[in-house]
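Here chain A shows up in two complexes: once beside chain B, once beside chain C.
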Partner chain A sequence: MKSESRLIDLAIRYGFLVLLAGLVVLFSVVAPGFAGAYSAVFIFQSVAITGILALGVTCTLVVGGFDLSIGSVATSSLMLSAYAMVVLEMSAVTAVILCLVMGAVVGLVNGILIVRFKVPDLLATLGMMFLLIGLQRIPTEGRSIATGMTLPGGGTAEGTFSPGFLQLGRHRFDLFIENLLPAPVVVFLVVALAIWVFLELTKHGRLMYAIGSNERAAGLAGANVNRYKIAAYMISGVTASIGGILLAARLGRGDIASGNNLLLDSVAAALIGFAVLGAAKPNAFGTAIGALFVGVLLQGLTMMNAPYYTQDFVKGAVLVIALMFTFALSERKKSGGH
Partner chain B sequence: MTLSRRALLALTTGAIFAGGAASAQDMPAPFDNPDDVEIALVRYLSTGDFFQAYLGGVEAQAEALGVNLRVLDSRQDAALQSDMVDQAIALGVDGIIIQHGLTESMQAAAQRAVDAGIPVVAFDVDVENEAIPQIEQSDYMLGSLALEQAIADNGDAFRAAYVYVPGIAPLDRRDVAWQDVREANPGIEEVAQFGTLDNPIANSVANQARSVLQANPDITVVFAPYDEFAKGVKIAVDESGMSDQIDIYSADVSTADISAMREPGSAWVATVATNPAVVGEVSVRTLAMMLAGEEPGESVVVPPTLITQDFLNENDISNMDELAAMMPQFAHSDVSVPDWMPLPPRN
Partner chain C sequence: MAVCEIRHLTKDFGPNRVLRGVDLDLVAGAVTVLMGANGAGKSTLVKVLSGIHAAGGGTVTLDGAPFAPQSPSAAMRAGIATVHQSIDDGVIPDLDVASNLMLDRMAEPGAALWLRGRRMRAEARAIADTMQLDLDVSRPVRDLTLAERQLIAIARAMTREPKVLILDEPTSSLSAREAERLFALIDRVRDQGVAILYISHRMSDIRRIADRIVAMRDGVITGTFTEKPLDTEGAVTAMLGVSMTDLDLEPATPGAPVLTATGLRLAPDAAPFDLTLAKGEVVAVVGLVGSGKSRLASVLYGLERPDAGEIVLNDTPYAPESTAEAIRSGVFLCARDRASNGVVPDFDITRNLTLPFTARHSTGWMLRRRSELAATRDMIDRLGIVCQGPRDAILSLSGGNQQKVMVGRWLSQVSEVLILDEPFQGVDIRARRDIGAHIRETAPERATLVLVAELDEAVEIADRILVLHDFTIVADYRNEGLDLGAVLAAVSGRPAPEAAEGTHTV
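What follows is the complex of A and B.
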């Protein structure tokens, strides 16, 4: 009896990681070319941008909030960086700083709307999402940005994406094999590590978890609830703008896009993360694994020539199973307390 | 006061005419009094370079005619688009252009407009109505011209990857070309098919294409009949260092596409496109012919043009304006041009 329940505990704790390993083995056998360093790298690359966004959304989930605007913050930062370099002919450094500031400001406004004006988080960030989708199109009258484009006021845009900026999305670091590790993957890993350290190992991170589980208690215990909440949205905004910068560097142009798919994919990754290691709460490690899990599945299926509509189905299935893990677990914890 | 306003009106009207080739007196009714003519453009799709350029063409031709243009934009809301046709009828416009949309939702609305005696033309949406001419950019020809070039470059036997998402009307029509070409050339082998419309499309397609190239390293041709697809494939080809081995053939063109095609060593060797601005002009001209009581025919096809990387490089073309200048057949179309028709200024 007791060994059985321990087995279930083990399954809940390590089930997802075992499933991930199993998938990798399965695809290595069935899909030609799946096993190998290059595949591993582009799976990481395919999830790097959504992963970075997912880490931001994790921070807002930790304080019991939610950020629907991350997808549009990312595409706004994509457009802003392109606009800064191609139309305003600014340097790469200025463009990156502008984007990060934009992300922080959007996060700040989100936070203030939620904390000071008491707008529910979903509604405040939904409003911000629409605002940004529209705003990013105003300067170019809805056109994508590329060198040589005709400007609304007549004349052509003469600036270019600086090579240094493009390297942010395209440079490859040597790791055992030459030119292996793409820069966005490195950024993803660094952001993941930073957010993990912040949430798990610092006082601030633990206070944010406390706010998420019981805001009033945390407040009575002396935590500055409002300030931490605003900070969470600012982290979310900045990480989303980092994602947008990497996207711009990979595409090499300012593509108009709503970013809704980015939003949905990254929220899915963060929610799948709840189930990893049986955490049953938002956590940075789980989010990174969740993003990777979706990436492995999608890239493996693509290699096996699975049609595109299976991809959404698979994403949905993974999410549902992960949520099952999470909620079954929290139920067990509750009944175990009796 | 009234007098001065009328004088002002005459002045502005005169200014508009100065741009056009013909003056109002030479044009048939109702264009002898173009200020009283109002046409409506009812749009389903509006976001993106193609649709922006299309609108530009519609505006330019409307201005050349001197007519008033009212733009109703449903932003991909099928029900709203149908309501907007009714709104246009209620406003008493003289003609309606339906731009994209769904057959199911637009058919009845288009019929109501016809019943109200309003001439209607439809661009890229089949409203199943004999009284309504179809403006088409011939997606089939877009596909087949690109594939002819692929065969000219690579012979009639190669291993190809194909990017396709079913259920999108223009892509479905381009798909017919691909199926026909494969049937006629059994040496062409489709080793992989992929595609997605997840936003940003180029990024999502790049991720897929990476996997496909890894799984099938012997691919030499990628047929990506939509420029966002081609952009994504090019990113993946560059990232996997296979630019020398792979040729990408696509459809559509934009300034950004031109710079991608002209990057040193770019795998994107050819695209086939119709100028969306020209399609916009043709839409208005066709409607104007109907207003003047002429018969434009049941289907008005704007033929596409093949644009190769070599051509772009030889003529040092870096944006759409330069492309139009070097390629007159791309810049203008003689479709729907009766003698009296004033054309937008051409440079």
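What follows is the complex of A and C.
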């Protein structure tokens, strides 16, 4: 009985990490070329942007909320940066600042809708998602933005993406090997570290977790519940806009159709994160690992010539299994604990 | 004639025995009022009778047949209908009165698939007429007043022609005039020969409606009163219990006033009162549920504003706008009902303990885990919290030890005024002694206000005992040679003449 519960305990804690390691070993053996620095970097690059969005949504999950608008904030940020530089001919710095402010404002509005107007979080952010998807199409009459495009008012867009801006998505840093580490991966790692430190090591992160676990108790202990909730949605908005900026820099054009999968992929990564180290709650480290897990799986399957259209199915299956890990097993642990 | 006989009924929740052998008869055509303080086991008894919980042991018979319902609908079919405290559990606001009255009929297996509006309304009107409800059955329930909804919930329960009708605090949110309409309905139900179990704390209700009073305390029936005129004071004594403990308590001499409230009004129509809390003094407030204890705590802690009055804290005006402001001013509240208001279930002992004071355990934004752990270890030693270590999950502790963490949370930092709302709720006698002893030990450094349900808890901990009734302080005793009868009289709303003097001793 005792050894069995210890085994379950270990499975809950390390199950997902073991599974991840196992997958890496498996793919390294089966798929030639999987093991290697470039392949690893490719995986990181493929998950960097969804990972950044996932870290933002993790913050809203921590306070017991949810943010469905992250995907549309990212695509809005993509379109806004393109519009600012290509149509309005602004500098890269201005465009980046504009996008970050947009993300923060969207987060603020989400937060206010939720805490002041008492709109349920899923509905508020769903509404915001539709609003942004529609809004980002208005200035260009639904077309993608590229240098030389015809503007709605006649004339052509003369501006270009500045080379500095494009470097955000395309530059590669040297790490042991020349031109190894892409800029978005570095941004992902920095954001992950920052969110992890914020949530785990600061008093603000602690109070946000308290709010997510027992809002009344946190309020009675003096935490400003509303302010923390709004802050969580603002963090989510800003990280989503960072994701959008990186996407714009990688694509080099304001592509209206990209970013469709961002929302589902990043939510999946954050939820898979619940299962990592048996946390059974949203956490930054788990989210990063969750994003990586999906990336490894997809890269491995691709290299084994699995068709692209199976990808969503695989992601869904991983998510369902991870949620089972989290809720069924940790429930057993709780009831068996005392 | 007893319709329902309950014998040695027990119920445990984990290690916690909530019902310890209840013996109770419910009599046809009579209203049995059940009185009991918080945690006495009233709600659990109701939940067992209404099929929400299964009994742990003992027997219940209904009309001579054994009664052990597996579900609320089974209880209802067997003949026990319950109207729960929260009215909206009993009605569906978006449907009209007719649909609400006929809802149980519709949910029956074998009920017709198609709704026939006219026939349904006719049947509903017939029900409403027999109950003498003066209501338009086609109106949506959401347009009705709280009292009318309550009447519909009862009428709905009556469509099942129950043998026993349980009413759980039906007047808790009604005005006196609305309540009278309810009583008229209850009178008619009684005349139909139904046995009614009526749970209430309002003395005025009890005097108006009770045929019998049953007092409950700590999971057993402690008194049954059937002789007219009903001895309500005896019932309050039985419910609050004055099992005197051999605790030697020397009332402290109060120091300088820390908090002074003048002309404080806790409800628009309540009498204003003054309140002074002095340094080194432990003041207990006793009163029935609904007497305004929680309102007093909320006002002092910045959760609610008083209807009138000034509060001065250490010579500066004190009108906190938020809990954070109250804490900054040094006024702490250890809230009642730790599961919903205190414990953060995902956190360990340390994180729970330091929750309000994360800023004091931080350098800038960064938490100092070592300082948190040190504070927690210190509190584990001081309060004798039984655990493996400060990193144990809070939910792995027993109820009493969880409560020690909740109290320890607010003892871990120095306060000006410490308010403890029901600090002994749901803890065993051992934990209660540990907590009480520590509160008294640390009392010299602050003013302490303890809100308790039971008088012997107050006697065990306080230097001074205040009695709250109808949102105002009606009596003030020094805890020395106390005349418990007088205190109990004040609690039940009839202050003995000498009780009002404020320095009553015997």
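Just so we're on the same page, the second predicted complex is superposed on the first by the 329 of 338 C-alpha atoms of A that agree within 3 Å, B and C clash if a C-alpha of one lies under 4 Å from a C-alpha of the other, contacts with A are read in each partner's own complex, and residues count from 1 in each chain.
Here is the rule we go by: a contact is a pair of C-beta atoms (placed from the backbone, for glycine too) under 8 Å apart; a residue touches a chain by one contact, two chains touch by 3 or more.
Note that the structure is a prediction, hence the values are computed from the model and not measured.
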Room on chain A for both chain B and chain C (clash or fit): fit
Partner chain(s) touched by A:148 [first = chain B, second = chain C, both, neither]: first
Touching partner for A:204 - first (chain B), second (chain C), both, neither: second
Angle, in degrees and to the nearest 10, that opens at chain A between the C-alpha centres of chain B and chain C: 130
Contacts of A:220 with chain B and chain C, given as first, second, both or neither: second
Partner chain in contact with A:9 - chain B first, chain C second, else both or neither: neither
Chain B versus chain C as contact partner of A:308, first or second or both or neither: first
Superposed model, chain A: greater residue contact from chain B or chain C: B
Minimal inter-chain CA distance - chain C and chain B, angstrom: 30
Chain A-facing residues of chain C, complex: 301, 303, 322-324, 326-327, 333, 335, 340-347, 351, 355-356, 358-359, 361-362, 365-367, 393, 395-396, 409
Touching residues on chain B, where the partner in the complex is chain A: 46-49, 52, 165, 192-196, 198-204, 206-208, 210-212, 214-217, 231, 235, 238-240, 254-256, 258-260, 318-321
In the complex with chain C, residue positions of chain A that touch it: 198, 201-204, 206-207, 209-210, 212-214, 216-224, 281, 334, 337-338
Chain B-facing residues of chain A, complex: 31-34, 38-39, 42, 45-46, 49, 75, 78, 137, 141-150, 156, 170, 182, 247, 250-253, 255-262, 298-300, 302-305, 307-308, 311
